[in-house]
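Below: a set of structures, written as structure tokens.
Consider the two complexes below, in which chain A is the common component and chain B and chain C are the respective partners.
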Partner chain A sequence: MTKTLNKFALSAAALLASGSALAATGAVADEFKWMTFAVFGVIIAITMGITYWAAKHTHTTSEFYAAGRSVSGVQNGWAIAGDYLSAASFLGIAGLISLYGYDGFMYSVGWLVAYITVLLVIAEPCRNIGKFTMGDILAFRNEPKKVKTVAALSTITVSTFYLTAQMVGGGVLIKTLIGIDYEISVIGVGILMLAYVVFGGMKATTWVQIIKASLLVTASILLVMFVWMPYGFSLPDYLSAVVGDSKVQAQVAKLLGDKATTMTAAELGQRFLEPGLFLKSPIDQISLGMALVLGTAGMPHILMRFFTVPTAQAARLSVIWAMAIIGGFYVLTLFLGTGAAMLVGPAKIASIDPGGNMAGPLLAQYLGGGADSMLGNFFLAFVAAVAFATIVAVVAGLVLAAASAMAHDIYVGVIRGDHATPQEQVVAARVASVIVGIMAITVGIMAKGQNVAHLVALAFAVAASSNLPAVFLTLYWKKCNTGGIIAGMLVGAITAIALVMVSPNMTYPQAVIKAAKKVIEGEPASEAKPAVEAKPGEGFACELFAVCKKAEPAKHAELAKPAKPGTREKLVTLQAKLDAATDEAEKKTIQGDLEKVKKAHDKAEGDLKKFEGQTTSMVGLEKPFFLLKNPGLISIPLGFLAVIIGSLLYRDQRAEDMWDELYVRQNTGIHAEAASAH
Partner chain B sequence: MPLSKKHQEYWNKNLRMTAVLLLVWFLATFPVIWFVRDLNSLSFLGFPLGFYMAAQGSLIVYVAVVWFYARYMNKLDKNHGVAEE
Partner chain C sequence: MSKPTMNWAAIDADPRFQALHRKKTTFLWGLMILSTVYYFLLPIGAAYYQDLFKIKVWGVVNIGILFALSEFVVAWTIAYVYSKKANAEFDAMAQEIINDAHKMGA
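Then we have the complex of A and B:
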């Protein structure tokens, strides 16, 4: 095994090295790329060493899936933080704060909120009842084969959606950071992650998470020290510097548009600390919030972490640590985000990546001395390497969860009827990991260039609507039984998926074509419009489905606007300007503008070509039928309802008889390890 | 294993504490976000209060809730003789 492992390490290193040869442009300048690869190399070497050590200690099923229940509470806390702090929360939230101020925090608070439900309601009883997977929890007092099949299907669905989003996001991120080709990034991440999971199982995955979480926290603390130091570590001084910064004020003015004209500079700065610059529809926010809060509690890779600790006390301790680490980290993102807004500037951040993902890396570069300095690029390289480790670690956790559902629930539980030797089980787990890993790489490459944001929403919505009602009710409701579990999981998952298919997340060709035409042709002059009063809708359902009239907010009076030229016209005028210009500096700025316009023009043209002749989305709709981006508001209650109705119709005396036993077990965790004897 | 009176009592206490803490959790989350503009007129440590709660305050409350729950449950385990060694 050692040999194969070395080969894996070598090929992964070779991949990364060949990446440098193919490198296009990224945030890291070409001449400093070696430094990024050196930092990558060190991190990969350390994690490979751990995997080698873990592989020697991974022989039984319990060792493979649950690290032999030998992880301490503190270690598990760090590992949960590692699982949780994905690249999205590391780079994304700092980016959102740098671009939108207060609304960026909603993402950090929103996600941390979820952890309370995990601990108080789900985590501890699950630890006490389950063995390795969510299927085990549900099988405790229901018919094992049936519920394990449904649970495994749901786990694989959730993991695949989330995994695809992570792979695509990771590929794009690595490309933006260091310019390695997208396909090579995806394959590199996939192979590394497979090496950790296949050879080291949960033990290696846990340690990779711990290392990554500590790197992330260290990097952030260092950056924050540098940002905050000039203000003598005083909060009010720092904050007034942010509010008073002209780049921040310019950003707010840009976001507010016409409304900003009457505001003073100080008011604009203050507005950065208030909501409403990014999030607009409150119902959609509540729906998203529900899916996030309840979905986290149903995420299989998070649930699985609680099987790795030896006692209930350790499970509780691990959540305190996880909360403290994640909470502390988000407090740091306040400084990272606002620091990036003040020092680098929102305009520059958005010019490299419109989503703001480069705020953290660019801040690191600035603090080290800027784009031309050695130290600045070392900082950038370090942050890039941490981001890379982050992606690999999160993906590893997800693959392990999906593989355990496949191998432990379906193969061992259903196909072999729980009769398989430990060796066979470990082999099955490894084979399943390879299958899931290869699938993740393939799907990741196929989904190149797709918008994957809705996949994350989908993963959480399915977890919240399918997994959570089933797990929650089997733990807390005496009458819950097999019929309810199956009905609830299927109804929850199917509604969530179906609603997303008809939601604004999908691509609607007519809207894309219209927007592209607007870019190319420009807008005609418009006449002055009087103010319009808010119109009430025809009921709450109209806010959710496109069947009747939605409420309309009041509109301010608009002044007459001159026609806006499209890119086609702009290209011509700019070219003429360029030809006429004589001054070198002037020529350069015009050249820059010209390139920007050309880029926008090409993109619009590309969209037009891509969707030419299409009028409907994938499922044949011209316009979204479901108006929210997230289906949680509807699919979560439906999932719960289906469990209840299914249970009442199905009647199962055994499930009720087992209730007392479950009750004692979920409270005390006595015999947690010998869980499957039923 | 039969359900003893002791277990019943333990479970009830557990549920009650969970409900109380979920209430704290709710208060630290939704009203604070909903009324952020009003809260911003108050000042805390030099920050507008609403902004401070979103940036740090709510997070600190969450960690405290979790810490308190773990401490309470560990004690309850011991008192009811269900603690794992």
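Then we have the complex of A and C:
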């Protein structure tokens, strides 16, 4: 503790010395960090109190995994929202909107539409048939040991991908916000989450998620009120202020590059509200959309939430509430994102975090009165604490899902053949939670500095290609059986993972080296180029795989461009300028520019060194073979196909005989697991 | 904890269950297809009908923004329509079957 305090004192001194230590020590200035910690402390104290209370009511497996099936529909709706709105959607989507306008907002739509699938085909049957895990649903009319093994493997795979992304993202986020070391953040998040899960089980996890969702919604509504109120809550008035802002126009000009030279300021601003600044490939969009719409319904930690309510009707109500909260939140992010773009400015947001994750927190700080004000920093502290609660709540849900697969499906179901005593089962659940938690912390620390952004998309793709076809067909297709489930889950998961391994998501050293060289050495002057007509591709497959010619869009004529200096040259000229400058204010701006260029230069140098001599990606490719970032378009149909073919080849009379029971029970709820009486 | 055995085949064959099954299947598939088609119109429109999306209709607010906002409204409406129908009709039909389930096929 003294060590950390010393570190704060040190960085406070650094702050005074440089005056621009914002990025280096976190968005919250050191003198205001106590406020962040105070809000953190309050949240931790409340959730620990709840965990203490929940632990006293958590003795049986039904209580540990499913909160005794006594969570009400409304409560579960809030908990689903708390489970689902990860830091990526809370900070990430607002960030995307602040940097790219329309495309960021369009990106958020799929995350809500996904719940239609959950509502219409998954929630109620799962409540009526299931017990604790996805494996239970699949084992209903299939061979329990075999399907539980694959179901658990798939659950653990999906949860681990998602968990790794959350741990790494969370560590980076806490570091960016308040400057706590990455490793300490990861361990802190891990230990806190373990305390909730191990002692309080699903009951504590549910309440942590409810609290987090309420904090998130409250904070967002307040911020949007402040942003929108000056415009009398008129949408056109507000948005015309956004497009009229010079910072927004400058961002669009930067994104469009040469094309922007012929556009007026008003046109540039309006362009912010039009599609195409960020998402360039519609096929990739559709592929991601498929993974979201079908993957959410196959996410083990979301499925698990439906076992916590007493009836199918409550499950239905909980999805309705979740959709209201999640959708409402995404509509608010439109205002958070555009508000941050207009008030803080895309350039400043990207300077602290290139992905835009700091848009929401910086907006909060601005609305409270800016970086030097008490209120501004209180707002920032509050948003930082909400982000922290967000990470912990999502991670807790994931750990519980992975632990249930490990303990309930593998240990109790497969190894013990369903003959474990209730006490043994609860012990197994707690031990599995500790194992998964420690694994999450270890993986989080090992993956430091790795590119994990694609892991979230991958988790959804695997869930959509492996889990959903298996669950869907076992619920709705009479001939589905063990053979189909095993074939489908393996084919779906392996295709999704393999395609991502050869996709543009991976790091390709040659491209990195080329980009780094461009940064350092700059670009040579180029002559004017005539317009190029669009070239047709050699078929749809060419849009997906690098085996033949892809269609190319038409290019506008380009004017001759002067050479662009690289950072090496810029450093020299800026240094000369600095030496020549006499005015203090001027010196300070040059100093700031110099630091920015130096940072870019160092990063490029670092990349060069890191990838020196390497020519191929992790799997030995020089260039991506699969051209989409999202594998869903191919892996989802393959997953469904494999279940169908596998089932037809395997033939299982028992599975067909059990169909009547399964179908009647999923539709009526006869013999569904009852809520435990208190 | 022991649950009475049911004659599942008889319940499945019961005309009331068959009616519930038919109604639910048509209704759910209809909503599912509607929501999927409407959702994928957004990325398709944003990619191939940019000129349409750019048309300003309400101050600076263009068709693209209104269309993206309408995605939310449509999703909420579908959820509302389904829950209304399920609460009013499907639940009552299921309850009738549950009440008589133990007698079926006996």
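In this text, the second predicted complex is superposed on the first by the 649 of 678 C-alpha atoms of A that agree within 3 Å, B and C clash if a C-alpha of one lies under 4 Å from a C-alpha of the other, contacts with A are read in each partner's own complex, and residues count from 1 in each chain.
Here is the rule we go by: a residue touches a chain if its C-beta (ideal position, glycine included) is under 8 Å from a C-beta of that chain, and two chains touch if they have at least 3 such contacts.
Just so it is clear, the structure is predicted and the values come from calculations on it, not from any experiment.
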> Given the superposition on chain A, are chain B and chain C in a clash or a fit?
Replying inline: clash
> In the superposed arrangement, which partner chain does A:526 touch: chain B (first), chain C (second), both, or neither?
Replying inline: neither
>> On the A-aligned overlay, A:319 touches which partner chain: chain B = first, chain C = second, or both, or neither?
In response: both
> Which of the two partners, first being chain B and second being chain C, lies in contact with A:423: first, second, both, or neither?
Replying inline: neither
> Once the two structures are fitted together, what part of chain A is touched by chain B and by chain C alike?
Replying inline: 102, 105-106, 109, 112-113, 115-117, 119-121, 235-236, 239, 273-275, 313, 316-317, 319-320, 323-324, 327, 330-331, 660-661, 663-665, 667-670
> How about chain B: which of its residues touch chain A in the complex?
Replying inline: 1-3, 7, 10-11, 14, 18, 21-22, 25, 29, 33, 36-37, 40, 45-48, 50-51, 54-56, 58-60, 62-63, 65-67, 69-70, 73-74, 77, 82-85
>> Per the contact definition, I'd like the list of chain C residues that touch chain A in the complex.
In response: 3, 6, 8-9, 11-12, 17, 20-21, 24, 28, 31-32, 35-36, 39-40, 42-44, 46-48, 50, 53-54, 56, 58-62, 64-65, 68-69, 71-72, 75-76, 78-80, 82-83, 86-87, 91, 94, 97-98, 101
> Once bound in the complex, which stretches of chain A touch chain C?
Replying inline: 102-103, 105-106, 109-110, 112-113, 115-117, 119-121, 235-237, 239-240, 243, 270, 273-276, 279, 282, 285-286, 289, 293, 313, 316-317, 319-320, 323-324, 327, 330-331, 660-661, 663-665, 667-671
> Once bound in the complex, which stretches of chain A touch chain B?
Replying inline: 102, 105-106, 108-109, 112-113, 115-117, 119-121, 124, 234-236, 239, 273-275, 310-313, 316-317, 319-320, 323-324, 327, 330-331, 334, 660-661, 663-665, 667-670
